[in-house]
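You will see two complexes here that share chain A, one where it goes with chain B and one where it goes with chain C.
Our next item is the complex of A and B:
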């Protein structure tokens, strides 16, 4: 168990490694449905979240659908 | 019935979900509008509290969700936004919008065409928001868009059909559905667009910012139905001179 520093939606965040994208989404209490994630600017499909692990200095962007015209 | 990419939709009124004072009013307005297709936007969100209830409210209505690429400033960003929306919803529908200028939010025609072509190749059903430019609309049709969405006036301006003569040319020339997006501020303007023969209209601000959004949504719904009925009935010809509606007999004139 080591602490790593990642960047989530332009905010620094410290997490305990190993941590998968699924675990990060759960930690953020976000719903899977209607959520999309990019790691280091590459979109990661939902079925790959459980096996995609984060490394030190990774950038994660989490998007969701909101009201809009 | 509106047909897009071999799918049929009962309503010709698309509704946007922005600017409503809360998700419950939005949901009731969409229901009152009887819309089959509803737009959404993508946003970075970092916590559960920031995740709004729009999506769950819309899923309960069973409408087709049309995510937009608002916020994209060029083709590359728009393609990325569309792919994110696909991951989030698992649906190929996308309203392509690229407006780098914040003051008038006018769509960038070159980036829009580039993004449309790329997204069609990736298998998206692309509905591009674009200027009321008949040549651009034909180019968007040629690259495989399922509809074009020319503007009536700047987004959210409620100025109505400022581009009417150009919309008429687009309707005349287009082989794919024409959906007037942006600027429609009153039901009478939605009706006027439908009377011209556009296939559908997209309304957001005019409903969301009305004093009573639900009643306004109903008003737009009936205006769109009436306008379409008038178009299908075939409008009578206009003329510069009077054309008598009654027989011009001389029986009221004094006999000589």
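Our next item is the complex of A and C:
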């Protein structure tokens, strides 16, 4: 286990590797309803969060999908 | 001829040259390299299907008509309510209780009487969408809930018709252009699969100009595509996430999801 530095929504964050996107969402205590996640500016489908692991210097953007019109 | 010319008999006859009155009417956009003479002809021969005529569709359709999109189909089964007037700027108090599709059709005819504008007073669903979009150059998803959005995505993907999506809630607006025939771009299902999207105008509220920004973006992207086809300088398969209050705009690539049941 090693510590890695990532950037989440423009905020630096240190986490223990290995850590998946699912684990990051849980760690930040975010609701996953309506939540979309992009890793290094590419959206990761929710089905792939548990198997997508973060590396040092990765950038993560977490945002809420909207559907109104 | 436009790269996505329409052949359906319901569409207006193919225009091969601009009339003098067209050159005057569209003079400001004819100056743009991204439109020019050929692009304007392509617009005249294009067919845009606008699904949903609320805050997004009522404004988007107005821009398409103003720009000279020759064939426009307006789809919505809803009527104009007083709570719509705060943001759905093509309607006014005279339209209260009227069917949106019919009202908007009448308003757009006042803008440009030379266009072939059709309206369908029904709610789009998986049964009627294939027919509604069959001769479309592109489809604009202006609906207000994820259930219909998913159905629009499926119908356009199966027909390989480019889809321009916009959405808004609160102070956030988002948008996505999908070619619907590319191995490198995901589809709307890749984005929302397994995600319960609940943020709509009812649950979170909406400020009028915010949904207007989404509509303006959507109309811009669709017009550039209809003018120049896939040569247009627009981004496909990138999800735009903008916050109108903070004036931030992000763009994220949407790759195909290997588990997507629509595009894989």
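Note that in this section the second predicted complex is superposed on the first by the 64 of 69 C-alpha atoms of A that agree within 3 Å, B and C clash if a C-alpha of one lies under 4 Å from a C-alpha of the other, contacts with A are read in each partner's own complex, and residues count from 1 in each chain.
Rule of thumb we're sticking to: a contact is a pair of C-beta atoms (placed from the backbone, for glycine too) under 8 Å apart; a residue touches a chain by one contact, two chains touch by 3 or more.
Every value quoted in this text rests on a predicted model; they were computed, and no experiment measured them.
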| item | value |
| --- | --- |
| Chain B versus chain C as contact partner of A:68, first or second or both or neither | both |
| Partner chain in contact with A:47 - chain B first, chain C second, else both or neither | second |
| Which of chain B and chain C A:33 touches, first, second, both or neither | both |
| Chain B versus chain C as contact partner of A:8, first or second or both or neither | first |
| Chain B/chain C common contact set on chain A | 33-36, 38, 43, 45-46, 61, 63-69 |
| Residues of chain A touching chain C in the complex | 32-36, 38, 41-43, 45-48, 61, 63-69 |
| Of chain A, residues touching chain B in the complex | 8-11, 28-31, 33-38, 43, 45-46, 61-69 |
| Residues of chain C defined as touching chain A within the complex | 52, 54-57, 142-146, 149, 166-170, 172-174, 186, 190-202, 204, 206, 211, 214, 239, 241, 250-255, 257-260 |
| Residues of chain B defined as touching chain A within the complex | 16-20, 23, 26, 39-48, 51-52, 54-55, 65, 67-68, 70, 80, 83-85, 87-89, 155-156, 202, 204-205 |
